[in-house]
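Working notes for the structure below.
Just so it is clear, A, B and C label the chains in written order, and each chain counts residues from 1 on its own.
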Amino acid sequence: MSLANRDLVTMDDLSYGEMEAVFSLADEMSDAMAEQLDTCRGKVMASLFFEPSTRTRLSFEAAMHRLGGDVISVSDARASSVAKGESLADTARVVGSYADIIVVRHPWEGAARVVADYADVPVINAGDGGHQHPTQTLCDLFTLKKERKDIRGLKIALWGDLKYGRTIHSLIFALAKFGADILFCPSPGLEVPDNIIRKLTAEYGGQVEHVTAPERTADGAPFPLDAVYMTPSSPHQLAMMPDVNVAVSLEEGVDAIYVTRPQKERFVDDEEGQDLKGKYPVVDKKLLKGKRFERALVMHPLPRVDELAYDVDADPRSMYFKQAARGVPIRMALITMLLGARDISIQAEEDISVLSPDYPVYQRDYGARCPNPACVSTKETEAQYLKSEFRIVSREPLTLRCIYCEHGFQPEYVASTDWHEGRVATKRYHRANSYWARKIKPENLIVFGSVDDAETHGFTYGRHEGTKKVKK
Amino acid sequence: MSLANRDLVTMDDLSYGEMEAVFSLADEMSDAMAEQLDTCRGKVMASLFFEPSTRTRLSFEAAMHRLGGDVISVSDARASSVAKGESLADTARVVGSYADIIVVRHPWEGAARVVADYADVPVINAGDGGHQHPTQTLCDLFTLKKERKDIRGLKIALWGDLKYGRTIHSLIFALAKFGADILFCPSPGLEVPDNIIRKLTAEYGGQVEHVTAPERTADGAPFPLDAVYMTPSSPHQLAMMPDVNVAVSLEEGVDAIYVTRPQKERFVDDEEGQDLKGKYPVVDKKLLKGKRFERALVMHPLPRVDELAYDVDADPRSMYFKQAARGVPIRMALITMLLGARDISIQAEEDISVLSPDYPVYQRDYGARCPNPACVSTKETEAQYLKSEFRIVSREPLTLRCIYCEHGFQPEYVASTDWHEGRVATKRYHRANSYWARKIKPENLIVFGSVDDAETHGFTYGRHEGTKKVKK
Amino acid sequence: MSLANRDLVTMDDLSYGEMEAVFSLADEMSDAMAEQLDTCRGKVMASLFFEPSTRTRLSFEAAMHRLGGDVISVSDARASSVAKGESLADTARVVGSYADIIVVRHPWEGAARVVADYADVPVINAGDGGHQHPTQTLCDLFTLKKERKDIRGLKIALWGDLKYGRTIHSLIFALAKFGADILFCPSPGLEVPDNIIRKLTAEYGGQVEHVTAPERTADGAPFPLDAVYMTPSSPHQLAMMPDVNVAVSLEEGVDAIYVTRPQKERFVDDEEGQDLKGKYPVVDKKLLKGKRFERALVMHPLPRVDELAYDVDADPRSMYFKQAARGVPIRMALITMLLGARDISIQAEEDISVLSPDYPVYQRDYGARCPNPACVSTKETEAQYLKSEFRIVSREPLTLRCIYCEHGFQPEYVASTDWHEGRVATKRYHRANSYWARKIKPENLIVFGSVDDAETHGFTYGRHEGTKKVKK
């Protein structure tokens, strides 16, 4: 079996068995670093960083060099053709003809998907806005595995900015795939986005239980617990044991606390920044004295700002520098496998498959566009060639998920092509939660972002729900 | 024969035979990419990009890596010593002592010439302001050759910004050298500069015929044809057949349409930008349906903005991604040859020589300077050590061409050293188009940019043309 | 003997014998450049340039490539995690886990020391603010040695900005170690800082004699001589021959004039820039015609601006392009030795040791901080984990030297821990020059930057000197 020519854009792109294969090769390479110089000799990696980075770019580049390969690198968007208004698709196609593999970081969500779609070579997402950062997650899991042997059944607290932290988003799905339980401990206002919770429960199984206020502060120490995810493979699965007491389970302590900095560069308005002042939960020596954290690994994707105190650095539970250091062998293993320089053996029947439902596709030239302002499909240079495209992930309520940024949204108005094709009189639109809406077949569905959007395209409000025009 | 230690600053630096040798080596290397890793092993290329670039820099760097060589790179002028006010000559001398070959891109016209003059190693111009970009032209020609076998006699339409497009300027001379006919189709106001037309006809032979308005719109489709260049080697050479009907010839269709984006970053004033709005000719699927474009290759140096529609990408006539991809083998071949890692065989007698007239040189410490504000010789850091230097390319009208930026200009006033040396009374200056001016020997010529310029240097207006002082 | 795993932060880090070993290996490598490709094969150098550079970064990177090693590079602080507020310690720890050696340039003084303290691999200072730039000094000394064989006894004039020129600061100590005499020729207002003079005389021996005004302009030519340093190993040592006439000694001429540009980017206020206008001493052909400069090598670390005229370039005495070119073999030798790829042999007994007094250490969580605004220890991101730390280099007057930036300062107020521990009544502070102050043991010393600083910490002004409160 081979991973050659595959892309790694989101955690969906790697099965459990494939991740284990990456860890196994990373382990092998760590132990024989100096012997890898011929592994990718003659191969060229393009490292396209359109957003500031030190750690990720340098560790990818160091990994490629330690494999004997070469690197061509863009480290500043302002010094590239992007400054001249070039689209991602053009950049991808051209760079894909120079290099054997592309690593891309970009501020737009879904950018890595576009690069993967247009380049002829394997593409690795090194972070796309607030969406995902799968190689960081591989480093995180590899560290958990090295320190705790088995990730299954571990209780991992995710701490801080769970809204914009792309490393968090990737990690959630990976932990679910490995059968860990997740404790969501967000800074107020920076909770995990709904679309992630929805995907997690619908596609990965398990259940999310929201935690009520009083439980949050048990044992005095601040513990901003907001929700708990319990995987289906976990023995104390909530779905099976509905009375499980989350607080009791917490008393046993967490296995790891995964801290993140507030991703201020992605905050949509100043308010979000203001809200943080003095409220962001700080992890320091004092917090870690609590019994719940007795055996907790302290993890952080770095860089840190103020949320993780320097007094933790000397603590044997601190893992963040180890996570960073493991970035090199993990990325060496991944690059090697995507370049097809090494095959892997996975018993397909042993692999843990994730439910990837065959959601219907929604794509039209007009009507609703992705409402996420950070989505690549909404950007001027990209809208020239990218059509909005969604998966219909739920009918009640009607929910569409952008194929680029994976943002989910519930359109307010719908229509059907079989009501009006050729017959203007029946170009009617309805509320998405109406009786009529539920009867539209996916392939006939038209969604509108607003009344204006619908009426601009010549639709009128459905008579079945009355003749009064909807107020805008 | 060897190209070792040669520079490539303008298309004048390579003969027809040498270009064919580059293409032949590029072909050979394309077919055996993996076997080139020892070709330039141990060699270091300095890649100095003082202006934004992705494509060109990355393809040069990928080329060097595929040859087994190494790269040191500057991709942002603001992060280099240029920010401390260093001159190009100093940068060139120093970097020339670190690296075996230098590739330079710079916003100033003539900058690559200065680097070539001061560095002790081969220098390749990767674009100097609006002047030239010879390696892009090699990719363009290589693509024409691969697709059409023989470039001689092809009809190539150059489309869009012919004024500031440096790739256009390099391509014009190269097409002439290969015996192609050129159709100039500029966006209004962005016509080919006069100095290029002058050099083309005077040094490359052939003739340029301006096209009158009615012919521009034959067959309905927009075709902003402005002028046609017919090479002397072309069978339907205008000079030999003065009645040739350009419109008829066009009816046979063009072989390639070479599209360029408006080089807005070089526009001298806002007006040029304003003039473009809605007027810049767009190449799209609809335009290409015209009979004239039936077999036309669609070429573009990239990046594109709006002038080339995405709906052309899937058309088999679209060549721009191929042009880009061919940048790697072309640059591999060129680097190999300039580093002397491979000799070439050209039968000198078979080579097509270009008329390179032995123009007299004009150089003085005072008097007219190059009037091109983008010329390297006019910049503060460079004027400390660079003297203005020109070739006298015509006497009637008196025309000087800057040796750096190749901008041509016609000075208004002249004087002669043999009229006044030691005799102040005869320090007279005259109008450049006067009877007296024509009698001055090139070695005695002094030119002035203005009356002020002349009088500041102690000259007075020539008595032979009256005693009245010229009005400023 | 081996230099493996050593850092090079200041010139104190290399003994005379070790520098000679670097020069000897550089010589050997220059002569066999093409044979070094396996010397550091498989090793990765991180090149972290948080301040603009061309020369230094490119020569380090070229050196690593010529040794067969690879490079990961940051050339713009704005495009790195520093932009997200990461501390130097975190960057150092992480990058030290990717690379085998780190080269760092940073605008903050003492930054390289912090990187060396926190990274697990050898660290080379490539310039830290106005502090030091030791590898430039190695190029300078290597050039002196190649041109003059023996540096001992040479008279070297340091010219221009002796205040902010970090190459000057490193060179001063190195010249002293090699037994050269130094003529300080500063631009007015840009004299060598006191802390450097103090360290030079206290730790390197020899003596500094200030030159009175009339001597500065002997023989007409501008010669802004301000002070002369005579090394103890010099035969005409001032200490031994107190009547030596500096002017007479100058008549014999200088061996080298080391010119520097005004480091305008480090000027603290506009005034310093204003003062320079027209006063900065320019070195040109005319100046060098003077008898004193007859055999003077003209040196400059580059980049130059206006202080060194282009008319000197063709003069055989000009050394600056040779200095730059020698940067590659010098850095190759240094990298090789710090990576332990080659051992060196130095007879320890033959080595010239420098007096490195065992100064008492001063470190407290409160009280005076380093008053140098460019010092790394005063920066917000670094103050989270760095404690101020000083060496007590003198008791009369009481002088502390920051261990990071080496800036020296004389605190105004002091107290002693043995006067007050457990007894609030005796928490008194005194003037640093008082009788009581002199009696405090180093380990008990507390220093305060101001009256406020002292009183904020609960100290009151010492009764022994009266009960009146000191006016703020």
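Convention: a contact is a pair of C-beta atoms (placed from the backbone, for glycine too) under 8 Å apart; a residue touches a chain by one contact, two chains touch by 3 or more.
Remember, predicted model here, so these are calculated numbers, not experimental data.
Trainee: Give me the set of chains touching subunit A intersected with the set touching subunit B.
Mentor: Where subunit A and subunit B share a partner, that partner set is C.
Trainee: Superimpose the Cα atoms of subunit A on the matching ones in subunit C and note the rotation angle, 0 to 180, in steps of 5 degrees.
Mentor: To map subunit A onto subunit C, rotate by about 120 degrees.
Trainee: Taking all residue numbers at the subunit B/subunit C interface, are over half used by both copies (same) or under half (different)?
Mentor: Counting shared over all numbers used gives less than one half: different.
Trainee: Any idea how many Å lie between the Cα centroids of subunit B and subunit C?
Mentor: Chain centroid spacing, subunit B to subunit C, equals 48 Å.
Trainee: Listing for subunit A: what residues touch at least two other chains?
Mentor: Each of 73, 75-76 in subunit A touches at least two other chains.
Trainee: For the complex, give me every residue of subunit B touching subunit A.
Mentor: These residues of subunit B touch subunit A: 34, 37, 49, 52-55, 58-59, 61-62, 65-66, 73, 75-76, 261, 265, 302-306, 310, 313, 321, 324-325, 327-328.
Trainee: Using the touch rule from the top, collect the residues of subunit C that touch subunit A in their complex.
Mentor: Residues in contact with subunit A: 41-42, 44, 46, 70-76, 78-86, 89-91, 93-95, 97-99, 384-385.
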